[in-house]
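What follows is chain A paired twice: with chain B in the first complex and chain C in the second.
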Partner chain A sequence: MKFLSIILLVLLPAIGSIILFGPWFPHNEVKIRRFAKGWAGLVFLYSLLFVVFFNPAQAGFQFEQVLKSPGGKAWIQPLGINFAFSIDGISLPLIVLTTFLVLLALIASKYNITKRHKLYYALIFVLETAILGVFAAKDLFVFFLFWEIELIPMYFLISIWGSGRKEYSAMKFILYTFIGSIFMLASILAIYFYHYIYTGVLTFDLGVYTSLKSYSYPLMFSILTFWGFFIAFAVKIPVVPFHTWLPDAHVDAPTPISMLLAGILLKMGGYGLIRMNMQILPEAIKVLAPILIIMGVINIIYTACIALVQEDLKKLIAYSSISHMGIVLLGIGALNAAGVSGALFQMIAHGIISAGLFMIVGVIYLRTHTRNISVLGGLGQNSPRFMWFSLTIVLASVGLPLLIGFAAETLAFYGAFTSTVFNSFSLFGWYIPVSIQVLTAIGIFGIILTAAYLLWMFQKVFYGNILNKWKSFHDVTPHEVAVLLSLILVIVVFGFYPQGLAKIFTPTVNNIVNII
Partner chain B sequence: MNLLFDIANVLLPEAFLSILIILCIILTFVLKEENQNLVFAAALTGLILTLFSFIFIPFSQENQALYGNFVSNSFTIIFRILILIGTILTVMLSRRYTSNFSNSIGEFYTLILIATLGGMLLTGANDLIMLFVAIETLSISSFALCGYTKLDKLSNEAALKYLIIGAASTAVMLYGFSFLYGITGQTNIADIIKVLPNYQPSIVLILSFLFILAGFGYKLSAVPFHVWAPDVYQGAPIPVAAYLSVVSKIAGFAALTRFMTLIYSDISIFTVAIAVIAVLTMTVGNLMALGQKNIRRLMAYSSIAQAGYVLLGLSVLTIEGVSGIIFYLIAYLFMNFGTWAAIQIFATETGMDSIDDYNGLAYKNKYFSLCLAICLLSLAGIPFTSGFFAKFYLFKAIAFAGLNYMPLLIIALVNTVLGVFYYVKVIRAMYVRTNNGTAKQNGKLKISLSLQSVLVVTVLTTLLIGVFAGSFIDISKFAAKSITINKKSPVESFSDISSFIR
Partner chain C sequence: MEFFVKNAGIIALLPLWVFLIIMFGQNLSIYENKKFTLWLTATSTFAGLICSSFILAWTMSHNEPYIQNFIWLEAGYIKLSVGVIVDNLSAMMLMVVTSVSLLIQIYSHEYMNKDEGYHRFFAYLNLFNFSMLGLVLSTNLFQTYIFWELVGVSSYLLIGFWFRRPSASSAATKAFIINRIGDCGLLLGILGFLFFSIIFWLNSSDVFLGFSSLPQAAKYVYAATGSTPMLYTIIAVLIFLGPVAKSAQFPLHTWLPDAMEGPTPISALIHAATMVAAGVYLIARVYPIFELSNDAMTIIAWTGAITAIMGATIAITQQDIKKALAYSTCSQLGFMVMAMGAGAYAAGLFHLMTHAYFKAMLFLCSGAVIHGLNNQQDMKYMGGLRKHMPAVAYTYLIGCLAISGIFLSGFWSKEEIFSGLLANNHIVLLIIALIVAGMTSFYMFRTYFLTFEGEYRGNEHPHNASKVITLPLIIFAIPSAIIGFILCGKFGLPSFDNFISPTHEIVEHSENFILPVISLIISLAGFGLAMVLYVDKYRDKLNINLDNFIQKVKPAYNFSTNLWYIDKSYYKLIDYMVIPVCKLMSNFDKYIVDGIVNLIALMTGFSGWVLRLFQNGNVQTYATILFGGLMLLTFVLTIYWLL
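== the complex of A and B ==
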């Protein structure tokens, strides 16, 4: 399989961005959009090839590729940095999710983006490269590099094409993420230094750090490093005290960017949590898993309660998005195969569903220019097709059986319910009368809250008699149908056949859990 | 004979530069006013020739000249090369600027060359007297350069401020030298090192250190001694401001690094003092930069903050730290110069330097804005630019100095967040905001060839270092090896650190 170059996959969007941005490309809006869609489709198809040739039975990294100079030197030899990429069962679904959602976001951009097309599509491709780089990196340094790069296109995408307090929101986004990532950098340097002391080798290779090491970290060191990583990922997921940037960013970002933000960018946090905190620092996560579970439950319930009282459609979806990411945290905290698989499944499910929800909001906003739930109503009368699409996605988000959300949530909650992490949990020697079962039950209560606010929202917006001022509300256009239908297709396919997705990451997850 | 040998082996570039200075002075007097631009051509070709003359200097061995007053090794050579490159860029930056004044174009270039000679001698000065002479040569030419636009009120203010504070701090530094002389009875640094271990550390040694640090701190605009910087950077001609913020600082860092590693590395209180100044410098610089409206004042505070990061590399006092400093300064030279070049281009076209004047610049000037944005992102430390690797390599050196330097690392990292905030502000003005249509920057900027080439060279080098950082790190490692750190008990031994961690 020589033709499957993972470096090419990562750099392909960036090449597209250069082709688009250069002076040779005509300033014709239609041509730009057509090229962008074509290129994103190409990247998506190329990433599908990796699925075809991926060996699901094998745990660990596949398709590894390292860029070397002609002399056989690493990229930055004096520091032991390799431009190395690889895919395993955890990153493959996320990579395909990325290429898929970027393609859909580009299709959805037709009506939402009305100025500076060249820059917009070029930036989206830079963003795609950055995210693919994060998911595919097999080098801690390269991971960090792409993690930082992702800030720049996102900043511009929110602040130029956004609405409302866009500059404030974009700046908030960039500062929150940057503050998180400096703690990650400190942690990376710490484990890099530690490895150097014990082996005398300078390396950032993820394969070295994630496999069994010949030394073990002292508990205090391990816990501090854990928090360093955790802050970076908690800002991205987002975990409750660090979540305030997300509603702002979502409300002010244009629809396609909201789709990408909720669909892919939040997954970087969950991915990092599994990859770094779980694989590199198993000692620490064993001690701190109860805290992760408690934080996850708080995430689910607290943000669901906030979502209940939202008047703004987009804010409601944003908070629901945070609430659903809490399930990811809960699943990871369970530390067993079911929990981690559930977390991964939930990441994919949430990526698809939240992108769909934001698309729905975008469609409504485009026609009515309002996101206020109380002034909307009866839209279903004018747009039956749109209502059915929306209903499917909303029900998937609520967790209806045979749709993708159900499989994910069941797995995660099952994992948490049977988890043993609380068995040895005590605080300063005091026995804490808290059981994992009770906590999980509280978490499951979040699904009821989700049903409450989403169905209430759906009823307010689509049911009833249509208001006079929305008489001109028209049904979905072919572009929107394409986006919504392809999302629904994924929702239904993996809802009926979750094994198809689980098959890819199960061996890797089992491997990770066994190490812990 | 001895002098000739010295020149051939050690001081060849300096000799070239001296000849060039004399030539420029003669040309300035001989040429008519309309032909004065020939001085520019002479200075530029001369400087490039001087740069090539480094080929003939033995790179990997240590040589002394002028009876031990000047040392040439890979460390000083790399700094002299950096200073020369900075000067070449300054001269090219001045081409368009000097064409605005009717007379005395030649003197401008001559003064820059004299200052450069001072800076190059400063890097390798191995004698207290030599050091003082070099630093004064650099300073006095800079005073004159700051006030070059005679009729501009701000420029006059800048020159006066720089002169008064400069004179005061060099005097303090000289006082510090006198203490050092009093303790050891020697002026040559090599002799001082030999005598100093016999001397019991006392308040006099600490005083000498603090006074000398004050002198260097003024050159580097480190924090308690930084107050001149914003006013001078705002008032002085832009090429001069660029020169002060880059070349003058690089020379100062070279001298301070040699001083610290050779004389004051023994007692931990000195490194603590450096660390405190580093933390203050970057924090104050970054915090003050947050609220700036004028881009030149912003760049002043930014360069104060950047000096803070470099000082951090000095505070760990390891070879790693020194090579971190060298690599940081290589990156800093290009990214900072690129930014100043962009400011100069914008100012010559529109005569404005407020950040709000940059609003909507990217609409008409796509590539110019991209260049400025890359330089600013590099200063902020965003990946695939030189600034990212410079910061990363420096922070790695701090992390490797031991876990007790972790608080310093965290402070530095938090500071980079502040940095991102204000650099992005300028980029936001260019790309996100729209101008109100009244301003002159509506049209496309016309950029002269020399300015264009400065901008392109600096931006390309910034990107080049950002992608192929490995070889530059190798160079700085090689250069740092020639520095000897006179520590009695080396902290960075293998067993020492690992026992500390356990």
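== the complex of A and C ==
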């Protein structure tokens, strides 16, 4: 399969960005949009090819590709840095999710973006390359590089096309993530030099670190490294109390950017947690998993309670997003196959569902220019189709069976419930009688809160008699139908047949869990 | 016959296809014809009914259940499956669900004909049928949970069918959230059960949580939790929380009366005959789990008893005909749950079946009345309707006789519950049950007399229901009247008990006739009291003033009309506890958590500002700082030297 080049996949959006941004491309809004959609579609189709030729039975990295100079040298050979990419069962679904959601976000941009089109679409493609780079990197340095590159387009996308306190939110987002990633850099360097001391080889190769090593880290060292990674990822997921950038960023970002932010960017945190903290530092995570579980439960309940009293539609969805990411944390903390599979499944499910929810808010905002729930009402009367779509997505978020969220939640909760991480848990030598079952039960209690805030919101926005001022609210346009219907299609297909998604990552997850 | 059994899954899948056809057909504006929707729906249900009959016939001659499974999700060692089980219990439920559904669909065609959401209504109806039949055919507890939530969402959609009414939309939301509480408990119970029995399932050839191995699994869990029987009881009670919410048992019953905001055919189908009975069905399915714990059984029995008496006391004072029927449903479900908890397994299911028919019919009658009076539901404005709609009145009367246990089918199923309670030595429960039976008879005939007898008190022009509406009523009247007798197992007739519980010990019928006679006398007393109080003729003759009577029992009356203050305390709890706490957390997040973040940013900015003052490139400033510092130092040193 010579035509499947992972480097090409990562760089393809960047190439599109250059074509689009160059002076040779006409300043015609329609042409720019058509090209952007076409190019994103191309990237999506190309990423689907990887799914077709992916061997799900094989656990390790596949499609590995390293960029070498004509002389056969690595990228920065003296430091052991390779421009290396690869895909395994964990990153493949996330990569396809990325290309899929970028395509949908571009379609959704039609009505939301009204100025500087060239720059906008070029930046989105840069963002796509950065995210794909993070998911596909097989080199810690490259991973970190793309992790940082992703911030730049995001900053501009929020601060130029946003609304409200957009500069504040964009700055908050970039500073928060940046400070977090400093700790990650320290951790990367720590394991890099540790490896050098023990083997005399300088390498950033992820494959080396994730496989069984000939040496083992001292516990204190691995715990400190763990926290370094964790802070960077905790900001991204986000984990309470590092979450306050997210509601601000969402409220001020334009709709397509919110979709990408919630749909893909948060997943980088979860992905990093599995890839780095779990695969590289199994000793540390075995000790610290209980803390992950506790944090996950806090995430679920605390933000769900806050979502219950939000008046701003977008803030409500943003908090709900944090709450759902808590399930990812809970699943990862369980450290068993069911839990980690549930976490991965939830990442995909949440990517699709939250993108859909933000799209719904965007559609409402476009027509009413308000996001205040208390002034909305009765929208379902004028727009029955929009109500169907919204209801399906809202119910998927509530975790209804036969929609995508259910399988994820069930697996994650089951994993956490049967987890054994608390068996040897002691803090400062004190045995703490916390029962994982009770903690999970508290987490499951979150499904009631989720149903409550989402359905109350739905009732207030769509049900009842339509208010006079919204009489001109019209039903979804073809562009919006395209976005919402594709999301719903994925929601229903994987809801009915979750095994189709699960079998891609199950061997890899089993492999990871067995190492722990 | 084998063919129908092997393809039993089709019965559930047909409505799903019809649902999709209607949804796509309507949203893409492919067809407009209402008859097409009706024929599609009714044909699929009728096909289901035919298949169910063959399946029922098959189960008569086969003792072993037929089971078919597909893997749905696999992760690590956990395997979750969906499939189809055909045994006596599911065959019985299939018959009840498809037959009630079919009649209600025909009825709905007329009832909803003028409504703009006709197609949407039938689409939801099919979605409900799919979920309900899937629930009935579930092979394992996990699949049950899937469809358990799906029937919940169909019910949510149908309660909120007229979503432009604020009351309907809040009733729908309320129903969903309260059911979610039950679902949450059920999920926890399932997880807990699975947690203790995981080794059993890994060694078993059955699918995870399969019903056919549930008795062994329950014993395994009981042994695993042997040192703490409390733990086993907690698991059982958590599972029971599911039926508590779905079957509207105390204290999670408050959604059911509100659910009457939905169209009346829905109240008949979902909120009387099938979905609310699913709770009882689930109890029957997981009976092996409950059986092992005496405490759990006691809790179940008493929950049922409290619900039965609560529903009856509230139903007595309801003015809205549908609300009265709703509380009556609550009460009757309490009867079934009580029977299950008291060990009268077959009697509970028998009552489920008879109740499905006569309660569906009663609701449909009330629907015909409401339809005929232009959506008037208040019994204050009814009366004397027997002259205007005789068919409805007589079928309603049959329903009243059946539910009151006066000779018709309700008599036989209730009598079995009574004798079951007696056989298991639950004397207190038996007394409660008898009292509730008397009250049932009283409030049912109260609604009958208020609606159909005396003089008409409203301003509408009541008109008779059309044939499409009366035909299902008349068909329903047949099973309502005779099914109890046919399956009572006496006088050489077939026995429902032997059919439904081949593995369980057969409840011995006490051949003495004292208990049936007592129950009959109590029911007749209720009937007599209702007649004396609510028929003008007799009331005048005996000089009874109803208002004076109510004044005398004012506290009790208020307690009943205020629905035992349960709803009100829930709203108070939400308004004064949940919302303020959440507001507090929201403010905490906004001002404290985010405040710290902004404070750190502010401090960084401030220290930068302060430091910047020292580096402005101005020689005078540098000189001032230099000399100022020197002077300060000299001053300090001088002081130090002086001291």
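The rule is short, and it goes like this: the second predicted complex is superposed on the first by the 516 of 516 C-alpha atoms of A that agree within 3 Å, B and C clash if a C-alpha of one lies under 4 Å from a C-alpha of the other, contacts with A are read in each partner's own complex, and residues count from 1 in each chain.
The rule is simple: contacts are C-beta pairs under 8 Å (C-beta built on N, C-alpha and C of every residue); 3 or more make two chains touch, one makes a residue touch a chain.
Keep in mind that what you see is a predicted model, and the values were worked out from it rather than measured.
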| item | value |
| --- | --- |
| Chain B versus chain C as contact partner of A:Lys471, first or second or both or neither | neither |
| Partner chain in contact with A:Phe462 - chain B first, chain C second, else both or neither | second |
| Which superposed partner A:Asn336 touches (first chain B, second chain C, both, neither) | second |
| Touching partner for A:Lys68 - first (chain B), second (chain C), both, neither | neither |
| Touching partner for A:Leu189 - first (chain B), second (chain C), both, neither | first |
| First (chain B), second (chain C), both or neither touched by A:Leu175 | both |
| Winner by number of chain A residues touched, once chain B and chain C are compared | C |
| Touched partner set for A:Lys31, first chain B, second chain C, both or neither | neither |
| Which superposed partner A:Arg165 touches (first chain B, second chain C, both, neither) | neither |
| Shared chain A contacts, counted only where both chain B and chain C touch the same residue | 175 |
| Chain B-facing residues of chain A, complex | 73-79, 81, 145-146, 148-149, 151-152, 155-156, 159-160, 166-167, 170-171, 174-175, 178-179, 182-183, 185-186, 189-190, 192-194, 196-198, 218, 221 |
| Chain A residues touching chain C - in the complex, by the definition given at the top | 172, 175-176, 240-241, 243-245, 302, 305-306, 308-310, 336-338, 341-342, 378, 380-381, 385, 388, 395, 400-402, 406-407, 410-411, 413-415, 417-418, 437, 440-441, 444-445, 447-448, 451-452, 455-456, 458-459, 462-466, 498-499, 502-503, 506, 509-510, 513 |
| Chain B - residues contacting chain A, complex | 377, 382-384, 388-389, 392-393, 395-396, 399-400, 403, 406, 409-410, 413-414, 416-417, 420-421, 424, 428, 431-432, 469-470, 473-474, 477, 494, 497-498, 501-502 |
| Contact set on chain C toward chain A in their complex | 27, 71-78, 80, 145-147, 149-150, 153, 160, 163-166, 168-170, 172-173, 176-177, 180-181, 183-184, 187-188, 191-192, 194-195, 198, 578-579, 581-583, 585-586, 589, 593-594, 597, 601 |
